[in-house]
Structure formats: C-alpha cells, structure tokens
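Paired with chain B in one complex and with chain C in the other, chain A is shared by the two complexes that follow.
Up next, the complex of A and B:
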C-alpha cells in the first residue's frame, strides 16, 4: 500500500513536468504579451520591463543547434528553466498585471473562494443525492421513486451554466429576490463567509450542485437496489431483524461503497471551482483568475493555476484508486 | 456469440413440434431491437433527427435572414412574427438559434468522430502490440491528466477560433476538443482489445488458423465498436457544452456567426432587458444535450443489457 502510493506520487512528477512544458509552450504561442496596452509602451521601456522579468531570455532553448557546447551551457538560462527552478523551491513568481503580487497569494485568494463554494455544493449534493437515492431504492416503483428517477434523468444532462442562467432570469430579473453577482469579504474562509455572502451563494451553489446530486442519487439507487437482491439481505430478514437494523447495518454499509468512489472526482471538480459558474456570477475564484490571466497574458498566473488544477486532478485520481483498494480487498494484490 | 433466452415451456413445446429454434441474430440487430424498444431513447432520437433536420434546412425554416438587423424591432419578446423574439439589434432570434444549430451540432458530432478516430488508432495499436503499448500508453496517461477545459482554453487562445470552414465548421474548436479528449477513447479501446484477446472466441479463431488481421477485423474491431459508439454519443453533448462554455467566456466562435455559446454570451449582456434571448438559447443547448444523453443511455443498455 505504502509502496503503491509512493510509486504513484513519484509518477506524478513527469506528468506535471510534461503539463508544465505544454502549458508554457501554448501560453507563449498566444499572440501578444503582458504589456500590450491601447497605447503601446515605448520600445526602450518595453525592453527594460522585459529584461526585469527575464522575458528577454529564450523560452525553451537558445537555438536549434544542439551540437554546440553553448547550447547546453545556455539551456539553464531560459525562461522555462528558471521558472521550473523557482517553482521547485516553492516560488511561483509574481503577477505582471496585478502590481507584482505573488502568484501564490493570488492562487490562495482564488482557492479560498472556489473551495468555499465547492465545499457547500459538495455537502449539499452528497447529502441530497444519498437521501434521494436511498428513498427511491427503498420505495422502488412508487411515485417517490418516479419523481427521483425523473429528477436524475434531467439533472445529469442539464449543464450547470444553463441552469445558472435560468435561475438568474427567474430570481434576479423577474422576482428581484437574489443578487446576480458579487462576492463580499473574500478573505474569510468556508463557513465563516456564509453570513456576508448568503444571498450571493444561493444560485451558484444550486447551479453547481444539481449535476452531482443527480449523479450521486443515480449511483446510490442502483447500488442499493443491487444490495437489496443479495442473499444476506434475505438472511437478515429471515433472522427477524428490524427494518431499521437491516437498512443501517446491511444495506447502507454495503450499498454506499460505490458512492465513495465517485465522490473523489466530484469533490475535485467542485472544490477547484467551475470557471464558467464563476464567470457567470462574477465570483473572483480561481477559475475566473485563470480566464482573466489568459486574456491578460499574465504568464505566472496561467502557469500557477494550470499546475494547481493538474495537481488536484492527479491527486483526486490517486485517492479514487486508493479508495478502491481500501474498500475492495480483492484488488490489493 | 449466440445468446438464447430462458428455456420456457412454449419453446420446449415448439422444439418438440418441429419448430425451428430462433434464427441466429447478430450483435448489431439485437442491439438495434433493444434500442427500438427503449422509448426514452426513441424520444431522444426523434429530437436529434428533428434538430439535424432544422440545422440542414436552416435557410428554409428561418423566418428572417439571421444577419439582417431591424432597428425598429429591438429586444422584442416572442411574437407571431418573431417566434423567439429579437435581439438588441433587431435580429430574429429563431433564425439565429436555427442557424446556430449548424455550428453547435457540427462541433458536437465532428469533434467526437475525430476523437474516436485518434483514440481508436492509438488504443488499437497499444492493445495489439506490446512494444507500442509501453510507448503510447505512457503518453496517453500523461495526456489523460491534462485539465480538459483549461487545455482547450489555452489551445484556442494560442491558435484562435475564428476559422469557420463552409460557414459552419469551426476547425480549431473541433481540433481543440479532440486533442484533449482522445485519451478516454484510447484507454477504452486498449482495455477492450486486451480483454477480447483473452476471450474464448479469439482463442478459437486463432486455433483454427485465422490470421491476426482476420481476428482483428472480424472479432476485435466489431466488439470494440459498441462501447466506442456509446462513449462518443455521450461525448457529443459534452462537446456541445464545451463549445457553449468556451464561446460564453469569449474564446469560442466570434460574434457574427451565431453558435449557441455566442448567442448565450450575447443574451447574457442584455439579460435584464431581454431575458428571452438567454432563455431560448440555453433551452436549445439543454434540449440538445438531453436528447443525445437519452440516446447514449439507450445505446449503452442496448449494447450491454446486463450492465446496470
């Protein structure tokens, strides 16, 4: 187990390196630079600024002439090499657009807000999804079950920003109940920020939650229905156990295992934030930071957010695989 | 492999009275029958065919030219003349939605076909050849862990998204989606190929002296195609969503062409003055995604009736 985990963690290093290379290449391929303005800077000033941030150095390699010894000597003095060297030491650089603010600070601010929204959506969708799934499995083929199945069928195929926009039309434009955008007091974290943002949170959290709720409900229903047909359920009933004990001890314990395994990717996608929902509701989370940094050619922030997403995605995949191993001892070999 | 249903009294009687056993039906006909019996999937199929029809016939069913501005009728709500209302420049929203269907369906379908081709070539080579497997799967695993929408955004920002072939095929958008999503198909195909090669029918074919090419052509490929078709059917609504999301944040199809994401983006700026713009374009996206998902569910159950 320990060996497996450490091997997987080591395997993340080349993956992250490769992602860094591709992102670096792509973002430098985006036309324009961080100092493009309506009124362009004078060339001397531009050269000075670029020299200050090391943007005058070659991006990956000084030339194509691999056979020359200068190539290898200068390879460590490129933009990419210095970025990686700094990043390994934990220095993600500064933003070119936000007054030299460290990228790490910008990321932390964004993550705080995105994670707040994501955690609330995660709590809501997990609890609602499990309750819906359990109820509809226990009362299979009742009207309750049909309502749940209908909700699940529609919930998994309505995209979150469509839902967000429709909620906005209803609650902001027509009823004037909820504000369409904004986020006050971005420094507080998770549940501390509820009092100041409770009205702004309602629509984004609902828009984010509907898909995972439906998804979890579907998995829970299917897996509980499967458990209901198992022999040990018949045995439990034959022993004369009460319904409560049967449901809690036998049914839930076995039937909820598949949910554990889908929670990983759901949590990762929710906590890292959805840049489309953040764009829609003008929430300054990490997703919106990424989109802005692309439009602003803010290289440090682009690299920082991409690598952060990549780490979260790979770690989430690792956790999913580990949970599989934990809940199903047969895979352990 | 031939699958026979449970042996019932009638069937035994039938055999006893000299009736022939049910004729051998192929995997595909079987699947088609199961699919046709699934009424939700049939609703999805009807809607999708209708949408494709509307998209093809867009120049005929549009009630006004979708590009013509009529400043006397700006931001009007739905009416008999303007079924879906008009936008801030007095353009007919119905015509824009119908013409947008061309771009959005093109993105959805073509990106998935391209994804399937790349994925099947890579996954097939990896599944058939040990040496290629090591090389290609290392690469696939790395590509698989790219954050997908982020990579699409970067690709579109780097290469631009303005190129429209024939007025409705956004080439870079399709390429960006396929370049990011092919690893899913490649992993699926490789897994299928590896497990199918262990199955008895492959072994039997090999024992009777079939060549590798024959085995691939008659056993491996047809049995892999089912899951691939299911996966790309689920991929179509995701690609339509991706196009809409990217156009919505301003990185997709540029404004004069009415893709659904661009329509949502346009409507969003006037959400309080003309909410019908957002409602009609988002509903078009939602209905399309739903229909394709219904078809995908139906196909999955049809190809693999024993899966949950």
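Up next, the complex of A and C:
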C-alpha cells in the first residue's frame, strides 16, 4: 500500500511538468499581455515593467539551433526555466493583477474558502445523491422513482448560474431571509467559519450541490439496479435476511465502486471552486481566479491555479483508488 | 419598630428603589443625538457601505491607475492641493495655492514654491514635512517604481525627471527640493499651466519613506500603510472588502462626519443591485439594463462624467483616409437616438470631442454635422461612392462588453438604414482587443476618451498629435501639431485655451478625425439616509473627492 502510494505520488511529477509546459505555451501563445488594459502604459514604462518581471526573456528557448553551445547555456535564462527553478523552491511568483502580491498567498487565501464551500457541497451532494439513487433503485418505477428521476434530469440540465440567480431572487429579493452575497469572515477555515457565515453559505452550497447530486444519484441508481439483478441478492432474500442487512451489507458494498469512481473528479471540481458561483455570490475563493487570471493574462496565477487543480485531481483519484481496496476485497493494488 | 412594620418598610423601600431605578434607566437609554446646526438629525452609526467592482490592483499612489484603486487612495492621503466641486484647485497640505500674485510662482513661471501648513501629521502622529513630499514626488520618477506606471509622463516637465525616469539621471538631480520643513520648491523646464491641477491627483500624494523601506512592496497592506488623509486603512480582506475608518489625527479643515466606509467587492452589478435593495449596501451603480426601471426613482443619482464615446476611425485605412467618408459616417448616425435607446437616457448626444465641464468646451464644434442622412449620402457620393457603392468591406472591431456590443449593433443598424452601408462586427476578448487596438490593427472601432484631469491638454495632444503614444486613430495634421507646440509653451491661459480650441476645430470640423457619439452620464443609487454627496466629472465613484462631506441621517 505504501509503495503503491509513493509510486503514484512520484508519478505525479512528470504529469505536473507536462501540464506546466502546455499551460505555459498556451498562455504565451494567446494574444494580449498583462498590461494590455484600457489604460495603456507608455512604451518606456512597459519596457521597464517587462524587464522587472522577466517578461522580456524568451519564453522556452533562445532559438531553435540546438547544435550551438550558446543554446544550452542560455536555456536556463528563459521564462519557463526561471519559473520551474523558482516553483520547485516554493516561489510561485507574484500576481500582476493584484500587483506584487505573492501567488502562493492568493492561492492559500482562496483555497481556504473554496475548500469550505466545496466540502460542504460534497457532503450534501453525496448524501443526497446516494439517498435519491438508493430510493430510486429500490422502488424502481414507482412514483418515488419518477420524482427522483425528474429531479435528477432537472439538476443535470439547469446551469448553476440560472439556479444561483433563482435562489437569490427567491431568498433575498422576495423573502429577505438570506443575504445576497459575500462571505463574512474569509479568514477562517471550514467548520470554524460556519457560525459567522452560515446564512451566506446556504445559497452557494445549494447551487453548487444540485448538479453533483443529480449526477451521483444517476450513477448510484444505475449501479444499484445492476446489483439488484444479481443472483446473490436473490439468495440473500431467500435466506430471510432483513431488508436493512440486504441493503447495507450486500447491495451497497457491491454497488459502491462506480459511485466512488465518479466521486473522485466530482470532489476535485467542487473543492477547487466554481467560477460562476463565486463570481455571482461575490465569494473570494480560488474558483473565480481560474477565469479572472486568464482574462487578465496574470501568468503567475494562471500557472498556480492550473497546477493546483492538477494536484487536486491526482490526489483525489489516488484516494479513490485506495478506497477501492477497502470497499472491495477482490481488488488488490 | 415591630417586625411586620419593618418588613413592610423594606418592601416599600425596595419597590421605591425599583421604580426609581426603572425611571432612571428609561431616561438613560433615550438616544438623543443632538441635531446639527442645520437641523439635521444624524444617525448614531456614521457608516456607509459602497459597492466596488473588485479587488484593487494596488494602493500605492505613485503606481495606481484604476478606478477601484484611486477611490480608496483618495481617502487615505492628501496632496499639496485638492479640488473644489468645480474642479478648481484649492489648498490642502499647502497653506495656499501658489500664484504669481502671492509669489508662489516665479515671474517666468518655472519655479513653484509651496508653503506647507504647520500642523501636518501622519495618521500615526508623526509630523509630515516637505521632505516627505520631496521623497514621494521623486519616487514618481524612480525607474523601479513610478516610471513603471501610467501617470509619471504628466509631470516630466520637472527638471531632471525625464532623465531619472529613463535611468540616466539620479534622484538628486530631480528639481523637487524641501527647502525646510514647511517649504517645497519645484522647478520646471518649461511653463506648465496645468501643473497645479496635476498636483491634486494621486501620483503626487505623499507617502512614508520609512514604511516603504521597512515593508517593501507589502507596505500597502492594512496595518502597515500610513497616510495623511481623512481616513485610515483599517482592514483589507482580499477579494471581499476594504474598511477605512476616520483618522483621529487628521489635520485638515474638512474633518469627516463618517466614522467608517466599507468598500464591498461585488463583481456582478445585478447582484450588487439586489444587495442594495436588500439593505446590504448604501450606494451602488445601476446596471445598464435597468436604467429605465429607475428613471423616476428618488434614490437615483445622475451625474456627468468627463467621458466621450466616439466612432473610432483608423485614418490610415480605406475608406477612412477620406475626411468626407468620416463626416458622412458622423452625419448618418443619430446620437440622440443612441442616447435614448441604447443608453436609456444615460448620456448626452455629442458633437464636439471635449465634453462640457472641461475648460475649452465649445458647443459650436461639430454642430455642422448634426444628424442628416441625406447630407451624409451626398458627402459619400462626393467622396466617390455614389449610392454607397464601391466601398471596401468595413468591419468594426470591439471588445466583448455588453455596452460595446449594443453600441456596435446600433451603429451597424444606423449605417445600414441611413447610409446604405453594411458593416460587420468583430467581437474580441478584452485583452486580445487591447492588443490589437494599441497596435492600431483595426479599421473601425469604438473610440473615446476619459479625462485624467480637466484640461484640453489632456484631451488633444496625446490623442491627436502625430505619432503620439495614444493616437491609435493614426490621425495626423501638421497644422494641429503646430498649434499643440505653441500651446505647450503659451504662458497666457486664455490664449492657450484659444489655441486648443482652434486645434479642436480642425480635428473635428475640418477633418473629423474621430466622430463623437455621446458624453457619458452615470447612474447610481444612493440610500435616502445618505446625504452630502458632491459629484465632479473626475469621480471614480460618485462623490469620492468629497466623502468628508457625507453624513448619514437618522433613519
């Protein structure tokens, strides 16, 4: 188990490097730069700014003449090489949009909040999704099943900004029960922030949860229906086991694998935050930085957020693979 | 006395104390806030919550350029001079505005001497002296600091500044000198009548040298930043809000009535409107789609900002090389209809480039080119395109904003109906558009200008001078360049404005280098309990030059 985990974690390094190369290339290939804003900088100022942040150096390589010794000497003095050299030492650079603020600070501040929202949405959507899926599967083709399927279809189809706005119109504009937006105390993490922020969390968490709930419910329903067909289920019922034991011990454990598979990417995307929800509800998380940084051509933050997302997805998949072993003893790593 | 009587007495005494106490308590909790001399009854909590669209880029005055940044910086610092509500220059840290009469400006107009107040202090109580101004103004030209910013170019008439900014001089050679603690001397290479106006802007605000040296680039964070303005930076939660509180050590005559201002960062303007209606905000902008809905709302605040939107022609690309074509395009578009339909009344039809409110505004300029489809068709025929035939393919390139799209669609419709010309719309992502625009890689676009300060010097030479840095229209006319050169050294202000007026006449009436479309009017909503907002055309947020005058009424 330990060896397997270490191997997987080491395997993350070439993946991250590859992602870094591709992102860096795309970032610089796109027209426009960090200082192409409505107020243009005078050319002398622009030259100084680019020198300050190393943006006047070649992006990947000084030239393509690999046979010349200068090529290899100058290879370390490129933007990409400087970025990697700094990144492995923990220096992710500074932001241009939030001038000179370290990217690491921006990431940490945002992750705290997005992770809180994401974890709550994950808990809510997993439990609701499992319940809906299980009920649907057990009572297939009853009115309960049809309601669940209808809800699931709605949840998968409605975009979350429409949902978010509808919630806001209902709970803030008409009922005045909840504040429209914001996050009272962005400096605390997860469950510590619930007392001060609970009213502000309600709408974003619901809006974030609807799609994953629907998705998990669908997968759960399909998987559990499949399990219900199996011979061992008939045997269990014939043996006279109680419904609870049949459902919990036999049905769930066998049907859990597809759900777990799906949970990995769902958890990863929830925890890294949703741009739309964070933009709409004015939540200072990392999710909206993914998009803001691209529009602003904020290179340091683009790289930071992309690499962070890659790490989260890899770790989430690793955790899911490890839990397979716990759930299904037939799987050996 | 007998036991029963004692018991009764104590009971009665107790009741009496209770009653008296209640009476006292009732009197004590009456919150009587004394009415002001004007008879206004102010609220207990003088606190206002204002919407801002997002995180400031920086709060460093010598580098800042964007509206979010500037609004907050103006609360935390005060320069040598300030504006009054008509954008005239009034003293702030200086005792009086230098002039030839009081000896503050030398006869040749090249030396300015500022006598500072004796009572200047920073928010932490440290004395503020002329040396602080010397440090800050020199920092504006520091090649590692201000010379990487947007505004230092306005001040490069100061002796030695240009060389220092280019990395060839040194700070010592910049002619900003603190003669003593309360006297500051500035020497210019040539006369600049607009210098005083420019010294009211934020690049000239003083900052604390020891704070910057101690904290480096992080000196602008809450708890570190020290300013000399009416407010101090109390809290900055990145991405969420900024809180400023009244400065207990403020030396100015305009002490604020407000105790606290919260700048709430809400990126989506519709959500900000919902927050306003839910009493979470006291001031917010009206989203462009909702302007008609709030037309008659008493909470609406309308004010003119010094901003002109125009049809931007690339004067070096066909067919816009011909002034007749440009004039035809101007006359084919109904500016009033634009204001009414697309802007929903939030604007004024524009004919001259310089808007009302800037000295040098001339309502006669462009008046010959009022909306006239027949006249436009005729001009186009004269240009060699009878019945609008033979024109090359025309594309208008715009950035992806809602107003931009609506404006481009409006122009497309107007040109089609009134002139018989079909144009295509090319929508680009914002930074991609900026990239193309700055390189003048467009044929036709939405142009315009917003004032940095209220003077034609800001509106004309940088935009219409041949090869000027911001002349993306590639307009060029030697007669105009000549007028600009004369105006730059003209000592007499009246003659100077006259020269700029002549230049504007050539640019618009003779050449129509760009076709003005509308002057901008902003619409904001303000809670009725907020009073004292004073707007100017140079506001980044309404009233932000004069938040010291704002008060909250009891409600």
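The criterion applied here is as follows: the second predicted complex is superposed on the first by the 249 of 333 C-alpha atoms of A that agree within 3 Å, B and C clash if a C-alpha of one lies under 4 Å from a C-alpha of the other, contacts with A are read in each partner's own complex, and residues count from 1 in each chain.
Throughout what follows, a contact is a pair of C-beta atoms (placed from the backbone, for glycine too) under 8 Å apart; a residue touches a chain by one contact, two chains touch by 3 or more.
Computed from a predicted structure; not experimentally measured.
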- Message: Tell me the contact category for A:45 with respect to chain B and chain C: first, second, both or neither.
- Response: second
- Message: By the touch definition at the top of the document, which applies to A:226: first (chain B), second (chain C), both, or neither?
- Response: first
- Message: If we overlay the two complexes on their shared chain A, which of chain B and chain C does A:36 touch? Say first, second, both or neither.
- Response: second
- Identify the partner contact of A:166: answer first if only chain B is touched, second if only chain C is, both if each is, neither if none is. first
- Task: Scan A:151 for contacts with chain B and chain C and give back first, second, both or neither.
- Result: neither
- Query: When the two structures are overlaid on chain A, which partner does A:282 contact: first (chain B), second (chain C), both, or neither?
  - Reply: second
- Query: Thinking of the overlay built on chain A, is A:18 touched by chain B (first), by chain C (second), by both, or by neither?
  - Reply: first
- On chain A, positions contacted by chain B and by chain C: 30, 165, 168-169, 172-173, 180, 279-280, 295
- In the complex, go through chain B and note every residue touching chain A. 40, 141-142, 145-147, 149-151, 153-155, 157-159, 237, 241, 244-245, 248-251, 264, 268, 271-272, 275, 278-279, 282-283, 285-286, 289-290, 293-294, 308
- What residues of chain C sit close enough to touch chain A in their complex? 55, 57-58, 60, 63, 65-66, 143-144, 147-150, 152-153, 165-166, 217-218, 237-241, 264-268, 270-271, 274-275, 277-278, 280, 429-436, 438, 469-470
- chain A residues touching chain C - in the complex, by the definition given at the top: 30-33, 36-45, 48-49, 52, 97-101, 106, 109-110, 165, 168-169, 172-173, 176, 179-183, 186-187, 279-282, 284, 288, 295-297
- Query: Touching chain B in the complex: which residues of chain A?
  - Reply: 14-15, 18-19, 22-23, 26-27, 29-30, 153-154, 156-159, 161-162, 165-166, 168-169, 172-174, 180, 222, 226, 275-276, 279-280, 290-291, 294-295, 302, 305-306, 309-310, 313-314, 317
